[in-house]
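Would you mind keeping the following structure in view while I ask a few things?
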């Protein structure tokens, strides 16, 4: 008998990724400087295996496996969580959008990182000011366990199709994850996130909110809210974003201003970020523990896939704050400054 | 000088696999219900890298690497044993069969899982009743270390060719593994397994036996025996199988009856399995600790590669037994019932 | 606007590797013999993902990811260091050579292993006499932590191009790695290595030196020096090499003589290696703890990619020395002999 399957185009599996290594120097106030080789300063080193199958009638199925590589040592970025960056299977409709199951970025992260000229990586990444180390809402909610500021396991997502219902430029999605009993140590959390944006000609605005809780968050939900926008002025893209982490009696806000200028093969990037903590963790007031960071970067594109780059950044902590550029010596003084620069090679494949 | 190699066709490396995720709800008597996202309920999520080289004269060489993925979190299914599902290199002859070296399924497992309509995965898998948790032969032999009910490391296999010696439909193989000093914690065991089957037009029968021992199995060998068969009646495949785990003074038998009906793109599956424990573990009698499970499933094939599915299953424990459908809350009452249902998306690539 | 990238040929990602498994028997004096299945006795089992991009003007970018597989169990050879064999990104010029960043072989290892007919693997590998277990310079410098006798994380390499500056046959490279604060447990070390060789028609000579230190090497640097050469006489390649490990007050020298004869599809290999320890570790004199090893191997090439092979080797320890062929029973007597043989199948893909 003839196969009962609907006629459908087959597409092959694709292997792609990025290898990115740089030499870095970080000076942390009070403990001197340290040289290192670091992975992923322009773009996170990774291996991607993905594919898509056309099911006919505007439907398609697809999968995406993405593995983070610490290319300086060859180690997995996620430990035993090998496909730590993304592990999803999808059913997509051109008119109804995409049902996506599995580990992926949370809406608030997706909405924030697009406005960071350094894409959340390298010496000048805004991630330097998103840390579970200092007393604040992130640590208060999740301790040193995995938190939901970047990704979530077990997620079910409903993503809008392109130009949903004829609304040109509208985009967004909903993410839901079950708590699975709230096992804290494994970083599981019940999560609800929403993202909505509008991309016009030369500009875009978007907002997202993600709330999560597990058995450790006994004082309510952890809330992560982001609003941002960008506009292109000649060859310069200007961006700005605001983010707020909130849990129990403490709060942390981030304010980001960024610019990326492109001149042929050359790219110049700059960002300024401010972290403002407020409220209390237990009986400890954290209001004075703020910080600001500036970053400056240059990229020379050897091709569409390969680039040489260099960046420099500095964090100035206030009060008892100890944010640092990573891969420096441990033990920065409270309220001290962290300075770093790096130069590297990024290759996409 | 000309290359001395025999002329041989070269074939390329193939990348394939499966991503399968579902949302599940499990209710365990006495502890309520829990929602989760689970990987591999229709078919285990995996990545396969394999290849074959034609050596001429009916000979070929080949390899197979198969990695299990917990697609809900991105973690490896086998921890540091990345290629946990299969890691083999082979030399094959069309007339003499295949010499296969490396980690693979044991003959008893291969012979059992083919008769399970749910292929040993999902809420209705017969694997629910094969567990090292309850007092019985598996736990008595191997404790909580890796056991030999599914796979073996270090295996040497001799597999029959298709239609060996002109005996159309005969198939089977022998597996041998050295104990490597019997390091218990690493799950190593000395193993001997044999499988023999006959596949006719619309029916098949087969039998297998696997014995294993290591430094922990001081009371003799662990024996795993399976006999089964299947027959196609119109568009329905009916299957039945019997399995016995035996070690020292305790025994566990499994009886399975399964059916899979296919209607165009639709598939309906049902199974009923009974676990019967007998004998003693130390001085503890386990005869009363039996259980039975039924499962019902529906699969809608979007294509040959992609499918939507839903399943429901229930386990009824007797005596002190505590078999469960996985991913429920811990602590089911002795002799209680475990109920689960799930719906998911499976994509082969 | 037109893309600003220089015109450049695109090349695709390549997947390759080796699966190699053998059955082995090792007899260690005083503790009897043990059978096992072992991975990589002719060539280390591995998976490679690599690629190269032509940037025009004699320039190219490239990457190389290489993962070691313990094919007997499916485990990663490097634990969480998945891409343990090599993880590099490169920018290459036909005239200036290659800038390579990331984890790779150290110059001394590269220079030694090329003269070992058994390529540092299998029962007859010279690696049997390079061990951190006995009292000597390796253990004194690095303890049981990762050492720098084979690879280095965080390395920056400058490699000579082919025929640099018109000097036909000259080859070599420089490797530098920062200590990254000298975290001992992670095996990090500050490293400087250099390799220089000359390859003529039917012969070659080369030398290398690698020095490394971290927070544990308080008595100075660990130095690893190698000089070697080879010459082809008819169908036989003869090789010889000398290696010296030196740290503080102890020293270990290795002397290797090897031969590989090729007859059509057949290959016969032999090696003899001597390990000579001298000096003291703390107050313990190690001069008497020497050892010698001989090895004999046969390879039958089924094709360019697949081969059957068998090898046999023996180590004779002196004094309190306990070098062993791996995968034998633990607890060889001091000064005892270790004997092993193996037969296997190697397939390149």
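Per-chain residue numbering starts at 1, and chain names A, B and C are given in the order in which the chains are listed.
Here is the rule we use: a residue touches a chain if its C-beta (ideal position, glycine included) is under 8 Å from a C-beta of that chain, and two chains touch if they have at least 3 such contacts.
Bear in mind the structure is a predicted one, so any value in this text is a computation, not a measurement.
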{"item": "Subassemblies held together by touching, subunit B left out", "value": "one piece"}
{"item": "Rigid-body rotation angle, subunit B and subunit A, from Cα fit (steps of 5°)", "value": "120"}
{"item": "Chain centre separation in whole Å, for subunit C relative to subunit A (CA means)", "value": "39"}
{"item": "Shared-contact residues (touching 2 or more other chains) in subunit B", "value": "15, 80, 82"}
{"item": "For the subunit C and subunit B complex, residues of the former touching the latter", "value": "15-17, 19-23, 34-37, 47, 69, 71-76, 79-80, 82, 264-265, 301-306, 308, 327, 329, 344-347, 349"}
{"item": "Subunit B contact footprint on subunit A (complex, rising order)", "value": "3-6, 8, 13, 15, 49, 51, 53, 55, 59, 61-63, 65, 78, 80-91, 99, 101-103, 153-156, 177-178, 180-181, 186"}
